[in-house]
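Take a look at these structures.
In the two complexes below, chain A is the common chain; its partner is chain B in one and chain C in the other.
Let's turn to the complex of A and B:
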């Protein structure tokens, strides 16, 4: 199992390199450049070209790519922002806590509310209660995030004055962003949980558990739920990954400086290093998260664990043969 | 009747209906039988005759979402099963009555170790500590022939026969008074079948439990049962001792079943299938359910339902032609 995890960690490196090359190339060919955007219309073409040359932006593609990757791999340096001259890694690091706070509180809220709703709906399948909760969750997935955010601000900041409407000074500032951010994913998780519970709840081993005299509550939570967890984990992990990449709309509406808004301003000012750095960060968090999810699978389902162990063993045997 | 109420299990006028695509499926129609403590009854019939539904009704583990009607009376050890609360029923299941399921491949929870699944019912019903119940579970698994060094494995690491043994271990873990075995050998190959049947027989002798054995295999019934009930289209059409059914066969359907069996001792003969198919359970015939396939049936058979009649002591048959034959 440890072998499998190590193997996966090593595999993250080429993934990040590939992502780096791709995003670099993409940004290289996107029209517009950071210098002319920063200097605006008043600057002459000569001035722009002079600065571009001094920053190495007029070098050939391969030279620039080589320089970027070289710094990245050998110095772990993502460069500095063309606009603010601040190192990208420092900026990302300073914004990470805010993004993490929103992401964590949203995913916890999502799981705490979404999973129980889904379980309940599956037990009461096709009753009024089930139909109502699924209808509400359909609304939840359909309503746009920013609209929910505005409604929440109207009610809780403007009218009731319970929570501040923007900023990031204390936990109070994160309540509304977390709620508005999680409504969509609560609905999604609820629907996913219902679907996978429904599949499991009618399986033979659940009947076996009942026949053993296991109380109904334990049948559902102890026998059915663990078997329904795999798709639920997948969806939770996916939404957590998205959240860690920065919630652009939520961060903008609530004026929280997180990674989403950082990436957005980077894109607008063609700040190559900022965009590349942010995308690399997102790719890295996703890769690590996917690894954690895969390890969780093994923890939940012994059949998957057996596969992992087997694949580790196979790799070893092949290695021996090669020698 | 007086006599019957003293029996250990009484099923009276059981009716179960499912709903499926708007139509009512008449799975069990007026089934009554009884069982003495320690004895065994074979429920024989074709696939879809309602045997498993009868068993699940006694256990009260019918799928709620599909069932539209359950009527009748099930009395088990003096208790009215139908009137118990869910909690009371859960305390009987697994302890006083338990069930072996048809398909061992899907009957075990894939994410729990085998020993924990056996120990679970011991913890629930015998008030033992976790450690004690695990060591008892290991003992039970050894009793059914699973080595102690494999009990911590998961079901996917077991073969089909081993899984069925584990399912049996779960069922007998608390030494129930009644064991319902629903086609316990159908999913197994023939050599394992014999082993499993022998295992059940020896465990029954040891614990002294009564058994309802559900099967479509008359050979298994002959080996393992004292009494036999032949089920057709949700009704018992003939019931009696093993000898009554095998030697003094009365009902045309039962006769048809025997005619369709190969006879290894006698001279080779052509097997005689029963013509036609069992009736559609959403649309049962008005009269005798077997009348469309019965070679002796006449207008009277098709007109109205036939009652069970006792043709000899303890030998019951649902056929109006019996006396005249």
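Let's turn to the complex of A and C:
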């Protein structure tokens, strides 16, 4: 198992390098020039050219790419912002916690609210309660998260004055971002949980469990749910990406200084290093989240775990024990 | 949910055929509701220059922030522009972005996925590893990065969203083809001396395509949602064009006093996305052999 996890971590590296090359290449072809935007209209052409040369922006593509990747791999250096002259990696490091607060709290909310709603709907299938919760989650999947954010601000900040509408000073500032960001995935998970619970709830082992007098609570949580979890985890994996991406948009609604707002200001000022750094950071985070999901699969499903254990053994003993 | 399957309506039709799917979907209240909403939005947005007495860009300072009334059904925005006219013009953006970006991602993805699944080996590895790079980001981040490169505007937004959605289709098509290639009915067809061309045309393609129809409906919804997110953060379509996300971005500065500026465009986004999702759901149910009556 540990071997498998290590293998997966090693596999992340070439993907991130490829992402780095791709995003560098894309940014290289973006029209617009970061230096003249950073210096403003008063700068002369000579000043702009001088700075561009000193920053190596006039070098050929391959030279620039090589330098960028070299700094990235050997010094974990993502360059400096053309606008503020601050190192990008420092800025990202200080902003990362805010983005993760939104993303992780949305993930927790999604699982804590979405899965129970789905289970309840499946148990009460085709009753009014089921229909109501499924209708609400149908609406939820169609809600744009930034619109939800605006509505929550209108209700909870403007009218009720319970939570602040922008900033990132204490946990109170993250309540509305987390809710608005997670509504869509809560709805998605609830629908998926209901569907996969309904599939297992009719199966023979559930009937057997009931027949031998296992309490209903244990039938649902002990027998049905573990077997329904695989597709639910798959959807969770998809929604992690959605939540991480959604955090970018949510940050900009609540003016939270996270990686998303950094990325968007970087795009507007053509600050290549900022854009590349932010994208790489989010891609790396995403890769780690996906790894966690894969490991979770193994813990939930003994069949998959057995595969890993077996393939590990297979490597050691040259497939002798391979069934 | 509301699955009213009428036995007689599907009797005699081959499961999986278009007629069968349609007869199932047409008995699904949710899907029909969604279809009606989408058709209504399409027709109204096409006819809006003739129905509305206002121009979507005409500034009217005497009607700044006007609340909904008989003259202005949804009120007016911060420059006194009629919100109903703007919202219905905005539908043109959202729907065309939805349809055309999915056209790009479906065509590209299906070709890549089919090549990958059919040839296997080196081609498969090359295509799939290439797509891995694209799938290393959340889709919205890829869309943001691509539209940063392409710039703003309708065509560029369509291209960015189309490319961002391509890997999903490719993966799905590849998985479908791989699943079908080993299926028993292909073996059966081959064993009764069916020609290769006939197997591909009659068995592989129809069976690989039907799950994609669901994906297409869902992707149109997702693309519309992403387009409005992009416009909301200042990429995609930009103000003063009446794209829904851009309208929300412009209205949010005034929403504390005039909430109708942000409520109406959001409702339209939600209704459109939900309608496509409902249709997608119904098609999936109709294609699911487990739910056959």
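List of remarks:
Here, the second predicted complex is superposed on the first by the 297 of 323 C-alpha atoms of A that agree within 3 Å, B and C clash if a C-alpha of one lies under 4 Å from a C-alpha of the other, contacts with A are read in each partner's own complex, and residues count from 1 in each chain.
Here is the rule we go by: a contact is a pair of C-beta atoms (placed from the backbone, for glycine too) under 8 Å apart; a residue touches a chain by one contact, two chains touch by 3 or more.
All values reported here derive from a predicted model rather than from experimental measurement.
The superposition on chain A brings chain B alongside chain C with room for both. When the shared chain is aligned, chain C comes close enough to touch A:246, but chain B does not.
In the overlay built on the shared chain, the residue A:303 is in contact with chain B alone; chain C does not reach it. Look at A:209: by the touch rule set out above, it reaches chain B but stays clear of chain C.
Between chain B and chain C, C touches the greater number of residues of chain A. Of the two partner chains placed by the overlay, neither chain B nor chain C lies in contact with A:102.
In the superposition on chain A, contact is made by A:134 with chain C only, not with chain B.
By the touch criterion stated above, A:264 is placed in contact with chain C alone, chain B being left untouched. When the two complexes are overlaid on their common chain A, residue A:26 makes contact with chain C while staying clear of chain B.
After overlaying the two complexes on the shared chain, residue contacts for A:117 are found with neither chain B nor chain C. Taking all C-alpha atoms of chain B against all those of chain C in the superposed arrangement, the shortest distance found is 6 Å. Counting contacts by the rule stated earlier, no residue of chain A appears in both its interface with chain B and its interface with chain C. Listing the residues of chain A that touch chain B in their complex gives 125-126, 202-205, 207-216, 223, 226-227, 300-303, 306. Against chain A, the residues of chain C that register as touching in their complex are 1, 30, 132-133, 136-141, 144-146, 148-149, 151, 221, 225, 228-229, 232-235, 245, 248, 252, 255-256, 259, 262-263, 266, 269-271, 273-274, 277-278.
On the chain A side of its complex with chain C, the touching residues are 15-16, 18-19, 22-23, 26-27, 29-31, 131, 134-135, 138-139, 141-147, 150-151, 153-154, 158, 241-242, 244-246, 248-249, 252-253, 263-264, 267-268, 275, 279, 282-283, 286-287.
Residue ranges of chain B in contact with chain A, taken from their complex: 59, 61, 63, 65, 86-87, 90-95, 98-99, 101, 103, 106-112, 117, 120-121, 124-125, 154, 156-157, 167, 170-171.
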